[in-house]
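Chain naming follows the written order as A, B, C, D, E and F, and within any one chain the residues start at number 1.
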(Lines give C-alpha, C1' and ligand atoms only; values in the text may rest on other atoms or scores of the structure.)
Protein backbone atom coordinates (compact mmCIF):
# COMPACT_ATOMS: atom_id res chain seq x y z
CA UNK A 1 0.00 0.00 0.00
CA UNK A 2 2.40 2.65 -1.15
CA UNK A 3 1.93 6.36 -0.79
CA UNK A 4 3.73 8.58 -3.29
CA UNK A 5 3.96 12.35 -3.13
CA UNK A 6 5.21 14.21 -6.20
CA UNK A 7 6.09 17.88 -5.85
CA UNK A 8 6.71 19.93 -8.99
CA UNK A 9 6.81 23.63 -9.73
CA UNK A 10 3.46 25.13 -10.78
CA UNK A 11 3.98 25.74 -14.46
CA UNK A 12 0.91 24.60 -16.33
CA UNK A 13 0.88 20.88 -15.64
CA UNK A 14 -2.28 19.61 -17.37
CA UNK A 15 -4.79 17.11 -15.97
CA UNK A 16 -3.65 14.66 -18.66
CA UNK A 17 -0.03 14.97 -17.56
CA UNK A 18 -1.11 14.41 -13.97
CA UNK A 19 -3.00 11.29 -15.02
CA UNK A 20 0.16 10.09 -16.78
CA UNK A 21 2.22 10.64 -13.63
CA UNK A 22 -0.36 8.76 -11.52
CA UNK A 23 -0.53 5.85 -13.93
CA UNK A 24 3.24 5.74 -14.50
CA UNK A 25 4.25 5.71 -10.85
CA UNK A 26 1.55 3.15 -9.98
CA UNK A 27 2.74 0.86 -12.79
CA UNK A 28 6.30 1.24 -11.51
CA UNK A 29 5.32 0.10 -8.02
CA UNK A 30 3.41 -2.85 -9.45
CA UNK A 31 6.34 -3.88 -11.63
CA UNK A 32 9.19 -3.40 -9.15
CA UNK A 33 7.53 -4.32 -5.86
CA UNK A 34 4.38 -6.19 -6.92
CA UNK A 35 2.18 -3.68 -5.10
CA UNK A 36 -1.58 -3.57 -5.62
CA UNK A 37 -2.84 -0.50 -7.53
CA UNK A 38 -6.03 -0.53 -5.43
CA UNK A 39 -4.03 0.47 -2.35
CA UNK A 40 -1.55 2.78 -4.05
CA UNK A 41 -2.10 6.50 -3.44
CA UNK A 42 -0.41 9.23 -5.45
CA UNK A 43 -0.67 12.87 -4.38
CA UNK A 44 0.68 15.64 -6.63
CA UNK A 45 1.57 19.07 -5.22
CA UNK A 46 2.21 22.00 -7.52
CA UNK A 47 4.45 24.53 -5.80
CA UNK A 48 4.51 28.21 -6.80
CA UNK A 49 7.86 29.34 -8.21
CA UNK A 50 8.40 31.79 -5.35
CA UNK A 51 7.97 28.93 -2.86
CA UNK A 52 10.70 26.72 -4.30
CA UNK A 53 14.34 27.41 -3.61
CA UNK A 54 17.49 25.89 -5.07
CA UNK A 55 21.05 27.08 -4.87
CA UNK A 56 20.00 29.44 -2.07
CA UNK A 57 17.60 31.48 -4.23
CA UNK A 58 14.03 31.17 -5.55
CA UNK A 59 13.86 28.99 -8.65
CA UNK A 60 13.19 31.81 -11.12
CA UNK A 61 16.31 33.67 -10.03
CA UNK A 62 18.22 30.38 -10.16
CA UNK A 63 17.19 29.84 -13.77
CA UNK A 64 18.04 33.39 -14.81
CA UNK A 65 21.49 33.03 -13.30
CA UNK A 66 22.00 29.59 -14.87
CA UNK A 67 20.95 31.03 -18.23
CA UNK A 68 23.49 33.76 -17.61
CA UNK B 1 4.70 17.45 20.87
CA UNK B 2 3.00 15.63 18.06
CA UNK B 3 2.62 16.88 14.52
CA UNK B 4 -0.30 15.51 12.52
CA UNK B 5 -0.91 16.09 8.83
CA UNK B 6 -4.30 15.17 7.40
CA UNK B 7 -4.72 15.10 3.63
CA UNK B 8 -8.21 14.82 2.17
CA UNK B 9 -9.68 15.49 -1.24
CA UNK B 10 -10.96 19.04 -1.74
CA UNK B 11 -14.70 18.55 -1.71
CA UNK B 12 -16.25 21.24 0.40
CA UNK B 13 -14.83 20.51 3.84
CA UNK B 14 -16.23 23.27 6.07
CA UNK B 15 -14.32 25.24 8.72
CA UNK B 16 -16.48 23.52 11.35
CA UNK B 17 -15.52 20.08 10.08
CA UNK B 18 -11.87 21.14 10.10
CA UNK B 19 -12.24 22.29 13.70
CA UNK B 20 -13.75 18.89 14.55
CA UNK B 21 -10.82 17.10 12.94
CA UNK B 22 -8.36 19.29 14.86
CA UNK B 23 -10.11 18.75 18.17
CA UNK B 24 -10.69 15.04 17.58
CA UNK B 25 -7.14 14.15 16.67
CA UNK B 26 -5.73 16.28 19.50
CA UNK B 27 -8.03 14.53 22.01
CA UNK B 28 -6.90 11.18 20.63
CA UNK B 29 -3.24 12.00 21.24
CA UNK B 30 -4.03 13.20 24.75
CA UNK B 31 -5.99 10.05 25.54
CA UNK B 32 -3.68 7.45 23.98
CA UNK B 33 -0.25 8.98 24.55
CA UNK B 34 -0.88 11.62 27.23
CA UNK B 35 0.42 14.38 24.92
CA UNK B 36 -0.07 18.05 25.73
CA UNK B 37 -2.55 19.87 23.45
CA UNK B 38 -0.44 23.05 23.74
CA UNK B 39 2.35 21.40 21.75
CA UNK B 40 0.18 19.41 19.34
CA UNK B 41 0.04 20.76 15.79
CA UNK B 42 -2.51 19.63 13.21
CA UNK B 43 -2.18 20.68 9.57
CA UNK B 44 -4.97 19.88 7.10
CA UNK B 45 -4.30 19.78 3.35
CA UNK B 46 -7.14 19.70 0.86
CA UNK B 47 -5.99 18.10 -2.38
CA UNK B 48 -7.71 18.79 -5.72
CA UNK B 49 -9.35 15.71 -7.23
CA UNK B 50 -7.08 15.80 -10.27
CA UNK B 51 -4.04 15.69 -7.95
CA UNK B 52 -5.04 12.52 -6.11
CA UNK B 53 -4.56 9.12 -7.70
CA UNK B 54 -5.72 5.68 -6.60
CA UNK B 55 -5.80 2.46 -8.56
CA UNK B 56 -3.53 4.06 -11.15
CA UNK B 57 -6.03 6.76 -12.15
CA UNK B 58 -7.21 10.15 -10.84
CA UNK B 59 -9.80 9.76 -8.09
CA UNK B 60 -12.79 10.93 -10.17
CA UNK B 61 -12.13 8.30 -12.81
CA UNK B 62 -11.62 5.74 -10.04
CA UNK B 63 -15.04 6.53 -8.58
CA UNK B 64 -16.78 6.42 -11.97
CA UNK B 65 -15.28 3.00 -12.67
CA UNK B 66 -16.14 1.74 -9.17
CA UNK B 67 -19.71 3.01 -9.62
CA UNK B 68 -19.92 1.70 -13.19
CA UNK C 1 -9.38 8.54 0.63
CA UNK C 2 -7.57 10.38 3.38
CA UNK C 3 -3.91 10.08 4.20
CA UNK C 4 -2.88 10.89 7.75
CA UNK C 5 0.69 11.19 9.01
CA UNK C 6 1.26 11.28 12.77
CA UNK C 7 4.70 12.24 14.04
CA UNK C 8 5.51 11.72 17.73
CA UNK C 9 8.74 11.56 19.69
CA UNK C 10 10.21 8.06 20.02
CA UNK C 11 9.53 7.26 23.65
CA UNK C 12 8.24 3.73 23.90
CA UNK C 13 4.98 3.93 21.98
CA UNK C 14 3.63 0.36 22.02
CA UNK C 15 2.05 -1.51 19.09
CA UNK C 16 -1.26 -1.41 20.98
CA UNK C 17 -1.08 2.37 21.31
CA UNK C 18 -0.28 2.63 17.60
CA UNK C 19 -3.31 0.49 16.81
CA UNK C 20 -5.43 2.83 18.96
CA UNK C 21 -4.14 5.85 17.06
CA UNK C 22 -4.87 4.17 13.72
CA UNK C 23 -8.37 3.16 14.75
CA UNK C 24 -9.14 6.48 16.45
CA UNK C 25 -8.10 8.70 13.58
CA UNK C 26 -9.87 6.49 11.04
CA UNK C 27 -13.09 6.61 13.08
CA UNK C 28 -12.76 10.39 13.26
CA UNK C 29 -12.57 10.69 9.47
CA UNK C 30 -15.55 8.40 9.07
CA UNK C 31 -17.58 10.37 11.61
CA UNK C 32 -16.68 13.92 10.50
CA UNK C 33 -16.27 13.50 6.75
CA UNK C 34 -17.97 10.18 6.00
CA UNK C 35 -14.74 8.76 4.55
CA UNK C 36 -14.35 5.06 3.82
CA UNK C 37 -11.94 3.21 6.16
CA UNK C 38 -10.88 0.96 3.26
CA UNK C 39 -9.20 3.91 1.55
CA UNK C 40 -7.90 5.65 4.67
CA UNK C 41 -4.15 5.37 5.27
CA UNK C 42 -2.45 6.25 8.54
CA UNK C 43 1.34 6.40 8.78
CA UNK C 44 3.03 6.87 12.17
CA UNK C 45 6.58 8.22 12.43
CA UNK C 46 8.50 8.02 15.68
CA UNK C 47 11.15 10.73 15.78
CA UNK C 48 14.27 10.44 17.97
CA UNK C 49 14.44 13.10 20.70
CA UNK C 50 17.62 14.61 19.23
CA UNK C 51 15.81 15.07 15.89
CA UNK C 52 12.92 17.11 17.29
CA UNK C 53 13.33 20.77 18.14
CA UNK C 54 11.02 23.19 19.89
CA UNK C 55 11.76 26.62 21.29
CA UNK C 56 15.02 26.64 19.33
CA UNK C 57 16.51 23.63 21.16
CA UNK C 58 16.25 19.82 21.04
CA UNK C 59 13.23 18.55 22.93
CA UNK C 60 15.15 17.08 25.89
CA UNK C 61 16.84 20.39 26.60
CA UNK C 62 13.47 22.12 26.18
CA UNK C 63 11.92 19.88 28.81
CA UNK C 64 14.82 20.33 31.27
CA UNK C 65 14.53 24.10 30.94
CA UNK C 66 10.73 24.01 31.28
CA UNK C 67 11.08 21.82 34.39
CA UNK C 68 13.99 23.84 35.74
CA UNK D 1 13.18 20.29 -10.05
CA UNK D 2 10.78 17.70 -8.75
CA UNK D 3 10.85 16.11 -5.33
CA UNK D 4 9.29 12.68 -4.99
CA UNK D 5 8.70 10.82 -1.75
CA UNK D 6 7.80 7.12 -1.94
CA UNK D 7 6.54 5.42 1.21
CA UNK D 8 6.25 1.63 1.25
CA UNK D 9 5.95 -0.94 4.00
CA UNK D 10 9.29 -2.29 5.27
CA UNK D 11 9.30 -5.79 3.85
CA UNK D 12 12.71 -6.50 2.43
CA UNK D 13 12.96 -3.98 -0.37
CA UNK D 14 16.45 -4.51 -1.82
CA UNK D 15 18.92 -1.78 -2.84
CA UNK D 16 18.46 -2.89 -6.46
CA UNK D 17 14.70 -2.44 -6.23
CA UNK D 18 15.22 0.99 -4.69
CA UNK D 19 17.53 1.90 -7.57
CA UNK D 20 14.81 0.77 -10.00
CA UNK D 21 12.24 2.97 -8.26
CA UNK D 22 14.61 5.96 -8.37
CA UNK D 23 15.41 5.47 -12.03
CA UNK D 24 11.82 4.69 -13.00
CA UNK D 25 10.24 7.70 -11.36
CA UNK D 26 12.97 10.02 -12.65
CA UNK D 27 12.45 8.73 -16.21
CA UNK D 28 8.71 9.30 -15.80
CA UNK D 29 9.23 12.95 -14.85
CA UNK D 30 11.61 13.45 -17.77
CA UNK D 31 9.15 11.87 -20.20
CA UNK D 32 5.92 13.48 -18.99
CA UNK D 33 7.13 16.89 -17.83
CA UNK D 34 10.54 17.24 -19.47
CA UNK D 35 12.20 17.67 -16.07
CA UNK D 36 15.97 17.51 -15.64
CA UNK D 37 17.23 14.40 -13.81
CA UNK D 38 20.04 16.48 -12.26
CA UNK D 39 17.51 18.39 -10.18
CA UNK D 40 15.12 15.53 -9.47
CA UNK D 41 15.23 14.14 -5.92
CA UNK D 42 13.64 10.86 -4.88
CA UNK D 43 13.41 9.89 -1.21
CA UNK D 44 12.19 6.41 -0.23
CA UNK D 45 10.78 5.73 3.25
CA UNK D 46 10.26 2.20 4.47
CA UNK D 47 7.56 2.14 7.12
CA UNK D 48 7.33 -0.64 9.73
CA UNK D 49 4.15 -2.72 9.44
CA UNK D 50 2.95 -1.64 12.88
CA UNK D 51 3.24 2.00 11.80
CA UNK D 52 0.98 1.69 8.75
CA UNK D 53 -2.77 1.57 9.12
CA UNK D 54 -5.48 0.86 6.58
CA UNK D 55 -9.15 0.09 7.13
CA UNK D 56 -8.78 1.31 10.71
CA UNK D 57 -6.25 -1.37 11.72
CA UNK D 58 -2.49 -2.01 11.35
CA UNK D 59 -1.62 -3.46 7.97
CA UNK D 60 -0.84 -6.98 9.22
CA UNK D 61 -4.24 -7.30 10.83
CA UNK D 62 -5.82 -5.86 7.68
CA UNK D 63 -4.16 -8.54 5.56
CA UNK D 64 -5.16 -11.36 7.92
CA UNK D 65 -8.77 -10.21 7.83
CA UNK D 66 -8.71 -9.78 4.05
CA UNK D 67 -7.25 -13.29 3.71
CA UNK D 68 -9.59 -14.74 6.37
CA UNK E 1 21.56 17.20 -0.98
CA UNK E 2 19.19 18.39 1.68
CA UNK E 3 15.48 18.92 1.27
CA UNK E 4 13.83 21.41 3.59
CA UNK E 5 10.10 22.01 3.91
CA UNK E 6 8.93 25.09 5.80
CA UNK E 7 5.26 25.35 6.72
CA UNK E 8 3.92 28.66 8.02
CA UNK E 9 0.47 30.13 8.38
CA UNK E 10 -0.72 32.11 5.34
CA UNK E 11 -0.55 35.68 6.61
CA UNK E 12 0.99 37.83 3.95
CA UNK E 13 4.49 36.39 3.66
CA UNK E 14 6.12 38.42 0.88
CA UNK E 15 8.29 37.06 -1.95
CA UNK E 16 11.24 38.89 -0.36
CA UNK E 17 10.68 37.18 2.97
CA UNK E 18 10.46 33.84 1.19
CA UNK E 19 13.75 34.56 -0.57
CA UNK E 20 15.28 35.35 2.84
CA UNK E 21 14.04 32.04 4.24
CA UNK E 22 15.45 30.16 1.24
CA UNK E 23 18.81 31.86 1.46
CA UNK E 24 19.00 31.63 5.26
CA UNK E 25 18.25 27.95 5.53
CA UNK E 26 20.57 27.11 2.63
CA UNK E 27 23.40 29.06 4.27
CA UNK E 28 22.72 27.21 7.52
CA UNK E 29 23.11 23.82 5.83
CA UNK E 30 26.31 24.96 4.14
CA UNK E 31 27.74 26.25 7.41
CA UNK E 32 26.72 23.38 9.72
CA UNK E 33 26.93 20.37 7.41
CA UNK E 34 29.01 21.64 4.49
CA UNK E 35 26.20 20.88 2.05
CA UNK E 36 26.25 22.15 -1.53
CA UNK E 37 23.67 24.89 -2.29
CA UNK E 38 23.29 23.52 -5.83
CA UNK E 39 21.64 20.39 -4.46
CA UNK E 40 19.71 21.99 -1.61
CA UNK E 41 15.95 22.30 -2.15
CA UNK E 42 13.69 24.47 0.00
CA UNK E 43 9.92 24.25 -0.35
CA UNK E 44 7.68 26.72 1.50
CA UNK E 45 4.02 25.93 2.21
CA UNK E 46 1.65 28.61 3.38
CA UNK E 47 -1.22 27.05 5.32
CA UNK E 48 -4.61 28.78 5.69
CA UNK E 49 -5.44 29.68 9.28
CA UNK E 50 -8.45 27.36 9.33
CA UNK E 51 -6.20 24.46 8.31
CA UNK E 52 -3.75 24.81 11.21
CA UNK E 53 -4.62 23.58 14.66
CA UNK E 54 -2.83 24.03 17.97
CA UNK E 55 -4.12 23.35 21.47
CA UNK E 56 -6.99 21.39 19.97
CA UNK E 57 -8.49 24.37 18.11
CA UNK E 58 -7.87 26.28 14.87
CA UNK E 59 -5.07 28.82 15.24
CA UNK E 60 -7.30 31.92 15.18
CA UNK E 61 -9.37 30.64 18.07
CA UNK E 62 -6.15 29.67 19.86
CA UNK E 63 -4.85 33.23 19.54
CA UNK E 64 -8.11 34.80 20.69
CA UNK E 65 -8.13 32.58 23.77
CA UNK E 66 -4.46 33.25 24.47
CA UNK E 67 -5.11 36.99 24.13
CA UNK E 68 -8.35 36.76 26.08
CA UNK F 1 3.70 28.41 14.60
CA UNK F 2 6.00 27.14 11.89
CA UNK F 3 6.82 23.52 11.23
CA UNK F 4 10.13 22.79 9.52
CA UNK F 5 11.26 19.41 8.23
CA UNK F 6 14.91 19.00 7.27
CA UNK F 7 15.92 15.88 5.36
CA UNK F 8 19.62 15.11 4.95
CA UNK F 9 21.54 11.99 4.01
CA UNK F 10 22.55 9.82 6.98
CA UNK F 11 26.29 10.44 7.16
CA UNK F 12 27.24 10.95 10.77
CA UNK F 13 25.36 14.12 11.65
CA UNK F 14 26.15 14.69 15.34
CA UNK F 15 23.67 15.74 18.06
CA UNK F 16 25.54 19.06 18.28
CA UNK F 17 25.10 19.69 14.58
CA UNK F 18 21.40 18.85 14.89
CA UNK F 19 21.09 21.32 17.75
CA UNK F 20 22.76 23.95 15.53
CA UNK F 21 20.27 23.27 12.74
CA UNK F 22 17.34 23.53 15.18
CA UNK F 23 18.60 26.76 16.67
CA UNK F 24 19.61 28.26 13.32
CA UNK F 25 16.33 27.63 11.55
CA UNK F 26 14.30 28.81 14.55
CA UNK F 27 16.32 32.04 14.72
CA UNK F 28 15.73 32.53 11.00
CA UNK F 29 11.95 32.28 11.43
CA UNK F 30 12.06 34.71 14.35
CA UNK F 31 14.15 37.18 12.39
CA UNK F 32 12.35 37.04 9.04
CA UNK F 33 8.75 36.41 10.09
CA UNK F 34 8.71 37.34 13.77
CA UNK F 35 7.55 33.85 14.73
CA UNK F 36 7.58 32.64 18.33
CA UNK F 37 10.22 29.98 19.11
CA UNK F 38 7.82 28.37 21.62
CA UNK F 39 5.54 27.30 18.78
CA UNK F 40 8.23 26.49 16.21
CA UNK F 41 8.82 22.79 15.57
CA UNK F 42 11.83 21.42 13.71
CA UNK F 43 11.99 17.75 12.71
CA UNK F 44 15.20 16.32 11.21
CA UNK F 45 15.13 13.14 9.11
CA UNK F 46 18.33 11.33 8.25
CA UNK F 47 17.86 9.33 5.07
CA UNK F 48 20.02 6.29 4.23
CA UNK F 49 22.15 6.77 1.11
CA UNK F 50 20.38 3.95 -0.72
CA UNK F 51 17.04 5.69 -0.10
CA UNK F 52 18.03 9.01 -1.72
CA UNK F 53 18.11 9.39 -5.47
CA UNK F 54 19.37 12.21 -7.64
CA UNK F 55 20.03 12.26 -11.37
CA UNK F 56 18.07 9.02 -11.68
CA UNK F 57 20.45 6.98 -9.49
CA UNK F 58 21.11 6.43 -5.76
CA UNK F 59 23.25 9.18 -4.29
CA UNK F 60 26.42 7.10 -3.87
CA UNK F 61 26.42 6.17 -7.54
CA UNK F 62 25.70 9.80 -8.40
CA UNK F 63 28.75 10.94 -6.45
CA UNK F 64 31.02 8.31 -7.97
CA UNK F 65 29.96 9.36 -11.46
CA UNK F 66 30.34 13.05 -10.63
CA UNK F 67 33.82 12.35 -9.24
CA UNK F 68 34.71 9.97 -12.08
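Everything that follows uses one rule, which is that contacts are C-beta pairs under 8 Å (C-beta built on N, C-alpha and C of every residue); 3 or more make two chains touch, one makes a residue touch a chain.
Worth saying up front: this structure is predicted, and the values here are computed from it rather than measured.
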Maximum centroid distance from chain E, chain identifier (CA atoms):
D
Interface copy of C-F among A-D, D-E or C-D, with over half of contact pairs matching by residue number, is C-D
Once you find the CA centre of chain B and the CA centre of chain D, what distance in Å lies between them?
20
Taking each chain's centre as the mean position of its Cα atoms, how many Å separate chain A from chain C?
26
Whole-Å separation of chain centres (CA-atom averages), chain B against chain C:
14
Send over the residues of chain F in touch with two or more other chains.
1, 3, 7, 21, 25, 41, 43, 52, 54
Every chain pair meeting the touch definition is listed as A-B, A-C, A-D, A-E, B-C, B-E, B-F, C-D, C-F, D-E, D-F, E-F
Partner chain A, residues of chain D touching it in the complex
1-9, 13, 17, 20-21, 24-25, 28-29, 31-33, 35, 39, 52, 54, 59
In their shared complex, chain F is touched by residues of chain D numbered 15, 18-19, 21-23, 25-27, 37-38, 40-46
Of chain B, residues touching chain A in the complex:
7, 47, 50-58, 61
Going by the contact rule set out above, which residues of chain A touch chain C in the complex?
1, 3, 41, 43
